[in-house]
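Several structures are given next for inspection.
Two complexes are shown next, each including subunit A; its partner changes from subunit B in the first to subunit C in the second.
This part shows the complex of A and B:
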């Protein structure tokens, strides 16, 4: 029986990112021959990758506490400069095994869904090549054992997201959205690079390997700024306020791509990075000054996460497009994760380590469950879109529960999980985050007040989540049946290639929280990663869960009271503001984009009118010279002979006179 | 190298060569008839050849003379090719006027047109009447006007 063991792990581990990358190259090279069969290599590769990753996860889980929990393999030297040495190092521990399994598993079903959704698209091979590379890059990111290798995957994910968001590049909005996503995340990427350089300089000669970099005694100020830089990188990739503007626009890509970006890959990268770095840095060995630096950084994370969670939930209320509602809900849920990543205390190192480890575990748990139910929601939206002729405007569709029964059930499960109702997975993970916020608030110390504020904010957002999720659900599937004319008269349930992934993803979306939530299996597992504080067992916090449930139920109740009241007519000021994303895009537009554009226009004008004209002037001189000499070539034989004779005379004169 | 004393006439020979060359040059520049222009070119070549011979004698070696032999060979070949070309050109346009061929001028330039065209050649005198037994051979119409 094929199995992952300690002996064959070294050869199987690189296959997790390797297979999708290989399939991507294969499809890119031979896509014109594969044509409509382009998804087969990708399915096989991602399937193999998922199989290995899941087996590796099981292996890590079975390995017990000590040996085999962490495996690091160094394959080759990548680059070496001075005392900087970067290797192709992969790492398997609880966190990376969990991430890799989640990424590959969800991607597999998204690829299967895509093969039905993208059927007949002229860019079919291109799509699958990019998706496969996307999965490969994400797996490199989560399995890397040093920051530069992580950065490689990070950039690969960025490039692939650009390719996929702008997949229909002939559409101007899609091209614009792809550019926006690339530029905004690039802003974060530059910060991440700066953070890496700072860490390297400060940790010299420790290097940037995850197994050595945390044991160094960093200067607190440097540590703070390095963390801030890493944090900006994470904010950019995970679309946190104020770098969140790219994500809603990324809806211009094909819907499975939205599922891929929002659920399994890309946006999870920022959460993963901070979860990888923060718990070991807040470890037992740090000095109070360092703890203060980490705490100061976590304040930023906490506030940005909270602002994103609330803001995105409010914006989602004002949206009329199903996919955009889901996009803003992703922002909001990511905000939750960042809030959890911001939990900590400065009052004591052991206390802080326990808190940060538990909270980061909650963040990763929410990331894990969110990946399943958000992928399910997006694929359901894709199924709706497929049936409705690419219309997702809630003002034009409705009452689809009879038309799309499977999609309806799948969306309902996803919505219940997103809203956080038991026993669906979102309930447990969201509760974990609220609980860790509460623990942070009760930990004392100077950061407790902020935690209190964020706890209330999180509860309020939980209510909003229930409201906007069920508003979208009710408007889409209940009320009078409305089918836009774009759907034609053949509006029907999607083919099996699309409904099977829905059915498969619905199971973990519904149940996975139950399996690992109150039993603390997941927390035990994640917190067994090196550098994390082992989980402390305590009873399931029913009080916090009850309050969270109450909030969510309140939101859902409001949604049911509002019922089938469709947005229509001219929105009032508040709704209009929410619909336009609280004008954050406009702020960016008038303070960054527009000045840049005007500057660019000025430079363009100078270039065209000054530099180009000068160059043209220089270019004209030979032409003028040529024009003035042209009459010499008049084609008369004697004229040429005369020129030769005169030339001879001049030559002779020169020779004689020069003597 | 000092000039040998038994050959004092170098400058006179060179003078003759130069005169031949200049005559040829002037003729080449002034005449528009292709054959005459060609003949003038031959004249220039002979002027040069005379120079070679004179210097050969002056130096007392055979280099110049061997050059002249080559020169004559080349001139003969050149004459053959040139006459053949002239024949083709004549067949093409029916005239030997060199100014009829200006095709290598710049495209933007107008062809040079003679403001004062050459006088037409005098008409042939009428053929003498012949006995009725037959007609005399028609003389070929000479189209050259030069």
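This part shows the complex of A and C:
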């Protein structure tokens, strides 16, 4: 069998994004011919890129010393002007290899699932073209070696997400949700652009490349603002408070899209970005002022992550739609990851580097396990939706465990992982985050207090997670069987094309945390990336794990006590507030959307009725003065044209004679 | 003289001749055919000559003598007034105009193709004036001489005036008149500026670019003495015509009306090419002639105007009720970014601005041609009367989404590179005091740009079908439609992925301007 080696890597690496992009173009151009076979090229391409990415991951893992674990390939020049040079440049290191392998592997199974789920849709080729393009763009995002190229992937996944949320474009809600997702994430993207400009200003001459970016001696103020801008970009993409409003609405897209883009991959891009930037920056911070700047930024990350985790968990409790519960749980889990990214200390460079590396490793670990179990949960929800005629309202479905036995088991595994029960994967990764928060709280220094507060918040949210997850599980699969009439004769288990991906994803969702967490395999690997502090091995911290488990158990117990009590039609104030997402959408609407819309209309009106009329008024002045010339204004265009031409001739003649 | 330079005069001459012949033609098909063949031949010539030029210019050892001994150019001494004539036919390609000449040739030819299906009277004249417009624009871009440039620049108004005034929408005469009065007023002020330069620089009647740039920058400074017109005033006079042409807010109120009333192919040419003529004039005439003044006055006056245009244009586009005026205001907003890039006076921003101009030309042409096809099929462009068109016109919708996303600045498509470099160039070097408000304005504009564009897509393409032309599925795209949209779509992608040839082409000229501005700034510091 063929192997990825240092020699052939340069040609194999671009195939990871290249194959899906190529398949996408193929399907886009020849989709009308391919018709129902449109998923074959995509399956082949994504399968190929998954294979290469996994081989590349193994290659990096075997590469031994730290130097061999980083490979950078420069293919061509992209943008070069003056002293700015941005290249088509890919990098392979532990972080990017892990991300690429995870993204391509999960995509493969979701593409397979989609071929069953989307069967018979008139937009079948369009769907697969967009999904394939998405896989390509996401791989560019994680493999890019400079910020502008990362930005290409970043906006590319945004565009694909836009096209896929609005896939059923004739539905006004879908079209609206697509626009909202595009714009809210774009707000973050504009901030990311500003961050790049600031980093460039601060003195990085060679195109914001990840291998030279961190060793600069940045001016602390500029560094702080640059990080804040990058952070806003990350918040937008990863749907963190206050830019989280687009993600729940994004559930208007087909469910496999929610699984792939809005749970497992794209929304983790923000976590990836900060994990790419923070550990090396903490390690290379040359002055206390720089360290302070990084710390100040991390405070924001910590608080926003914590607020999102708690808020989203509360909102999830108030939801009645299974997919929306899962969407809010994604927000909440991403909030955990951001909390981990906020862990650090300002008391010393080495200490900070160790702490930030370990905590970012925990964030990326949770990203990794979450991708599997959340994809599994969403696909199970998709399977339910497929059987129930697109109804996921927990007031109308229930007791489905007999009708959908495979889906039931898959969902249960996902729910156990999400709630964080051992030995399921979520337990180990969530524990890692709680532990990093505890380490941050015990690190001393001025940031310790905030870490303490966030630790308690994280534990409380863990209890809420257990509650809403198991409540959703119990209401969907237990109690009296309820099948809505929309289901028709569809109310049976999904075809193998959909159940096989469920079975495949259930394995890592159940076991991968246990396999790579306590064995230090994951931490050792990720923290061998250049710029990271190598992992330190501690014994498993039973105390924190026990408290976390207790919290989750409490939540689950409450869910069992509530049992089959379904949410009512008219909620009381508190539940109503949670159901509407605490009115954050209304705040945006009345403070940003509406004013901008009215402002636009007003300016447009003023421009036509005031500015233009003023200009016309000015234009009249010569006419009043030269009233005697009126006979010349006879309204015949040709005469005006002739007059202009004559004028020019006279002008030229004057010049010539003037010599 | 190099063999290929001998072909240069044919590039503008072919469409001009084709247009003039078409005016005399008997019938529509003949006229359209002549103009189309002439435009295509001119495009082929332009590609051949400029690729030869490019292969020489991208040689790293090619240090353009710019402005030290003169770029090779075609010269035909006198065309008016004998041996020591003023108005010489001096044509040449260089880093500043090469791309724009190609853009003009391409969009010109495509505009003719897109006009083939227009329903109109006296069509042979329409095609004739179209050819003349393309020829004159090519002449303006190719001119290596200020006076020739100015004459061609002003002459473009005549065919444009007739095209809008005769074949436009219901309000065409008012639109044409307003456009002409505006542009002519600006143009006359520019002429005053030219006269002042010629009088004060001691150059007399030598109007070649290199001679002007070489002498003007040194001698103008020395002549800034009491009793003379201040340089700032001369600079602003020079700018007037170009600022109206782009247009910049608040000199823009002719533009939405003209865009709306003009036949869509003419609007496409107006927005894709003629607006660039304004930016090009600003760069070539105002900045190269008076680099020191440009750096001072430009930053005090033009930067605020550029930012105003970006934000104001975006808001007005947001409030537009129909597609064409949305694109008109959007164009104002986008071109403000290109101007900002130029005003950085460093290579990053300048080269970015040139890329931005070409990218915007390609994308806006694509958007407007698509618009024309929609209006042909539906008979209206009002948002109120349209919706869910993606279900009816699938291919047109796909093209519209591609061009719209490109115009929003999605990386990998044409606009991003230019926008990114313009912002990097300006904001990466601006003083904090000015940089922060400018950055806030521009970034708000970039965000709003996404907003109104995506809202436009949502209103027009998505949601339940609401079509003025009924809801039966019409036949797909015709041959002419494919011929117009495919080249533009391909260019949108190619310029996004591989903008290097464009960026590299202008490095000598932009480097020269960067040095000149730097020298002027350090010089004025030293004298202080």
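Keep this in mind: the second predicted complex is superposed on the first by the 591 of 659 C-alpha atoms of A that agree within 3 Å, B and C clash if a C-alpha of one lies under 4 Å from a C-alpha of the other, contacts with A are read in each partner's own complex, and residues count from 1 in each chain.
Heads up, the rule we're going with is that a contact is a pair of C-beta atoms (placed from the backbone, for glycine too) under 8 Å apart; a residue touches a chain by one contact, two chains touch by 3 or more.
These figures come from a predicted structure and were not determined experimentally.
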In the superposed model, which partner reaches more residues of subunit A, subunit B or subunit C?
C
Let me test your reading of the model: by the given contact rule, A:615 touches which partner, first (subunit B), second (subunit C), both or neither?
second
By the touch definition at the top of the document, which applies to A:152: first (subunit B), second (subunit C), both, or neither?
second
Check whether A:607 is in contact with subunit B, with subunit C, with both or with neither, and answer first, second, both or neither.
second
Once chain A of both complexes is superposed, is A:82 in touch with subunit B (first), subunit C (second), both, or neither?
second
State which residues of subunit A lie in both footprints, the one left by subunit B and the one left by subunit C.
635, 637-638, 641, 645
Residue ranges of subunit A touching subunit C (in the complex, touch as defined)
76-84, 148, 151-152, 155-156, 159, 162-163, 166, 169-172, 174-176, 178-179, 182-183, 186-187, 190-191, 193-194, 196-197, 200-201, 596-597, 599-605, 607-608, 611-612, 615-616, 619, 635, 637-638, 640-641, 644-645, 648, 651-652, 655-656, 659
Going by the contact rule set out above, which residues of subunit C touch subunit A in the complex?
80-81, 84-87, 147, 151, 154-155, 157-158, 161-162, 165-166, 173, 176-178, 180-182, 184, 191, 205, 250, 253-254, 256-257, 312, 315-321, 329, 346-348, 350-352, 388, 390-391, 401, 405, 410-412, 416-417, 420-421, 423-425, 427-429, 439, 443, 446-448, 450-452, 454-455, 457-458, 461-465, 497-500, 503-504, 510, 514
What residues of subunit A sit close enough to touch subunit B in their complex?
630-631, 633-638, 641-642, 645
Residues of subunit B touching subunit A in the complex
25, 28-30, 32, 37, 98-99, 101-106, 108-109, 111-112
